Amino acid sequence: MSHGSIIKIPFGPQHPALKEPVNFLFEVDGETVVNVKPRIGYNHRGIEKAFELRTYTRNIYLAERICGICSDAHTTCYTQAIEELLGVEAPLRARYIRVIIAELERIQSHALWLGLVAHEIGFDTLFMYIWRDRETILDIFEMISGNRIHYAMNTIGGVRRDIHAAMMPKIKKGLDLMEKRVKYYLDVVQTEQTILKRATGVGILKPKDAVDLCAVGPILRASGIKNDVRADDPYAAYNEIPFNVITCDGCDILSRIMVRLEEMLEGVEIARHALDSMPEGVIRVRVPMKVPQGEVVSRVEAPRGELIHYAKSNGTTKPERYKVRSPTLGNIPALCKMLLGGYVADIPIVLAGIDPCFACMDRMAFIDTKKNRKWVLTMPQLRRKYKRKCMQK
Amino acid sequence: MEKENEIVEMLKEFLKENFVKANIPNRRRIFVHIKKDALKDTVKYLVKDLQFKHLSTITGVDLGKKIEVIYHLAYKGSIELSLRLTVSKKNPSVSTITHLIPGAVLYEREVHELLGVNFEGHPDLSPLILPEEWPEGVYPLRKEHELAYLKEITSKKSKREKRN
Amino acid sequence: MHAEITSLLAILVFPGVIFLFVLAFFYEWVDRKFFAKLQNRYGPLHTGAHGILQPLADFLKLLSKEDITPFASDKLIFALAPIFYLALPLTTLFVVPILSQTSLITFEGDLIFVLFTFTLIIMTVFLAGWSSISRFSTIGSIRATLQMLGYEIPMGLVTIGPAIAAKSLSISKIVEWQSLHFWIVFLQPLGFAIFTICLLAELQFVPFDIPEAETEIVAGWRTEFSGRKLAVLRLGKDLELVLASALITSLYLGGPQQFWLIPPIITFLVKTTFAVMLLSLLRAVFARFRIDQMLTGTWKYLLPLATFQVILIQLGFGG
Amino acid sequence: MGLFKWAQTKSPWIIHFNTGGCNGCDIELVAALTPRFDLERFGILLEGSPRHADILVVTGPVTLQVKDRLVRVYEQMPEPKHVIAIGTCAISGAPFNECYNVHGGIDTVLPVDAYVPGCPPKPEAIIDGIVKLIQKTKESEGNGKGK
Amino acid sequence: MALIKEALKQLFRRPATLKYPYEKLNPPEDFRGRPVWNMKKCIGCGLCFKVCPSGAIEMIGKGLEAEINHYVDRCMFCGQCAETCPKNAIRMSEEYELAEFDRSKMLHKYKRDT
């Protein structure tokens, strides 16, 4: 199918489809992608090293700032790990609150994602509607935690703020609204021809590849594999709440959309159940500053998939080693697989399909300098030619 | 905890003298320490026979004189087995597992880049350097590099640019 | 002498250049405002009353900005393309009746001339993008040309419909015929639909904004333009919107007609505003097609439908 | 106030650049564009190409890799241009002080016209920052023409 | 065309927009805005400055004589200081419109009145 020359198209690091700097180099034959080389160190900040230099309390906020969309997942994972090292367990009420916050976060994250996907395919109206409805959840967050994003709810040994009875009606009202709207969007997505045209059969990831390439979260579930940390490895209060693991076997973008939308509905149900069955009691236990020696692996189902933290302590107030693997990094090999053989015009939607969050991923970098050198050098050369010329004085 | 014990027993039997130690700190968590040379066979055994198909990540830890590499494998998403081995810091190398688990490509690169562990047989283990001008042989997550030193590299880079 | 001054004024001021510029700004505002309203928000609000001066502010601001010419670009074409892009729809608007049922300039076959300029506009787009020597602009311009291959022929075919009905290739004659008989939209609804779809593509509106798909290729063929050139390009685009709505009005909605005491210019404005809103509405409720889907779609569905429309007219339906 | 000056205050187009932040500010910036806050009321459009933009909105601490890109994007923008640093880490890089790959605040790289603190700032705070910046340009000297 | 009904419905609905600078919503009760020190209560224990995750708090001097400098440009409004303070001398205010043109204006100094 070769039509002769292979064109190299860079995508990013500053690109309207990406709200974050990342770079993909695509080798394109005609309109077909034949090779993908990601280069995603632009968000690398070196957080893992910083973890070793800060006290456990200060690290909560650093963990939160690994990612702005799934901040609660990161702090839950972090506090769980440290609690396990300390040998304490958060009170049950705190764990219920964690579940509620996690599910609300999942709803807002998926809503955000669906909006962005709509934006990728030029469907701005849908994007605007979804983001308008998403504000409901953000208002709830602002009420509970005092901030729209970065809720700072988790702390070692529990949660910082309680959900009072006075807040219940507003939360429930918000959940009802969300449920109604999500059902509507589910209908829109399945009936709007232009969306179906763009999303069906695009970015195929076969179940076998998904497993081999260690994909996580909704990507894996959209390939028909039942895998959810909440169910398989319950944390917080998930073992006490009944819920379904949503799967879809379309393996394409449409099924990823469906999985996420269904998960939002499921999230509404979980949050409702948790709100109703939340036990009374304290929300946090006091913990010592020093953490005994040990190591722990902590896993959480973030909105984007399995999040895993590894902590090693050395008996001081600072960790010895802290390792974070965010879901997006786990999905990158799968992403490259999905992009191969696809159309150039499908790149943004496929890329958006994994719900990339490079902020999470790039605490560690991986750059293939040698292979990319060709491009890395040509781009500045090209740009140097763009000498600015001021016509106005 | 039955399943966890069972897995440890099976591993013990499979590894024989390559088995160093194992502990089960919590439900669904297993830490197994093995000898370096047995890695390939162990991972193959885990993936093919014990259904540990999902590699969550690979962690590298600097222990001072040695570097520890930990493979976090998941059994059908539930039991997380951390397979640990140590390599010497002078010649940190271990064989790759990418042919068994293709998803390990990026994790191995990451450990290679940040801790300088060499994965033998990795398809594409070209120098993975943080910013383009990051000096070779400086692995930021190794303990011997203080933050001040790393920051100095950072500022040097900016100064050089300013001169240009 | 007097007649010359009047015709000069007609060309330069009303209903000529200045009037058309004002109209262009007005319709951009209508488009943006209506689009925002559909999305449950206000759109421009604080620039003038209800933001009506927003397009003017954008235009003036861009005029005052620094004008950057990329070093690698083909400077001559890069500088000329925006001017052509502005001039083409502007000149074409003179053959469309605005003030009365006859346009400023009219000749037998001006419909063909309009179609011809539509093609030329795309060629200008192609040159503009190509001369920038930037990846995104180049891709954008290639896509614009590819897209033209899709919609140009169906558009040509359906515009023959009104011409056959009115038995003339002159837009003014078509308008005249409609005022004596029916609006052609009632006779050829299919043709109207196809024509609107083609205009969406011509205007590069969603679902056919493929040449300037922001999330794929930044701003497409316009990526490298800044300052004055961008201002001119935007004005050209607005004029194209005026042209499109004016064509819908004159070919299908009866053009500027006199209703009792209402002068034709008012009916023209009402009808064109309606046409702009229709285009806006359509661009709000679709997602973007992929370039190959667009091409196959137009060849597979639009072209046969357009042919079918022509056959219908030949058979005596809607003629 | 000259006509051009008026136009400039009424039509500030923004381009968004994330220099390695956590995404929080980016989301809030996009949220500011959506119906609830609707930045288009002020004539603000989010542009993709730096050539079209007047205000560079930067979020996140400057990581080493992204620094050159940031400068390049800034250089591609036509005069007159402004820079707004959104979020605490864009202002001072503070939460990421101990991270080795972080360069610091935006003002270590580019001249910044307005700072919007918050982690992340509410969309209202972002609007407030942009409106304050517009106010400042309105009051400043000059006829608004580019340099 | 699945959205057309919904889109047309919007024509008869008030926009969801909050006309922000002209109309404001009050932040909720426990909003985390700029922290404010009440120096009458402060005993200068220095816990806030030790615990601050981003080093936004500076303490000059010791005990009751201590002066507190709060750098808004470094603060990430997490509220850990307010939570840690043993005397409840720190309150998270509802102030969020903190945009400035000059970083030097973002330093808030607190000193005990004597």
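In this document, chain identifiers A, B, C, D and E correspond to the written order of the chains, with residue numbering beginning at 1 in each.
FYI, a contact is a pair of C-beta atoms (placed from the backbone, for glycine too) under 8 Å apart; a residue touches a chain by one contact, two chains touch by 3 or more.
In this text the structure is predicted, and so the values were computed from the model without any measurement.
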Max Cα-centre separation from chain E goes to chain C
Dist(centroid_CA(chain A), centroid_CA(chain C)) in Å evaluates to 42
Provide the C-alpha centroid distance between chain D and chain E, rounded to the nearest whole angstrom.
-> 21
Any idea how many Å lie between the Cα centroids of chain B and chain C?
-> 60
Let me have the rounded angstrom distance from the C-alpha centre of chain C over to the C-alpha centre of chain D, please.
-> 34
Note: chain B residues in touch with at least two other chains are 130-132, 140, 147, 150
Can you list the residues of chain A that touch 2 or more other chains?
-> 15-16, 41, 44, 46, 49-50, 53-54, 61-62, 65, 125-126, 128-129, 132, 147, 150, 192, 365, 386, 388, 390, 392
Residues of chain E that touch at least two other chains are 1-3, 7, 15-17, 19, 53-54, 76-78
What are the touching chain pairs in this one?
-> A-B, A-C, A-D, A-E, B-D, C-D, C-E, D-E
In the complex, chain C touches chain D at residues 32, 36, 39-47, 51, 53-54, 56-61, 63-68, 136, 214-215, 218-219, 222-227, 230
Across the complex, what residues on chain B touch chain D?
-> 130-132, 140, 147, 150-151, 153-154, 157-158, 161
Considering the complex alone, what residue numbers of chain E touch chain D?
-> 15-21, 24-25, 53-56, 71-78, 96-101, 103, 106
Complex contacts: residues of chain E adjacent to chain C | 1-4, 7-8, 10-11, 13, 15-17, 19
Touching residues on chain E, where the partner in the complex is chain A | 1-3, 6-7, 16, 27-28, 30-32, 51-54, 76-80, 83, 92
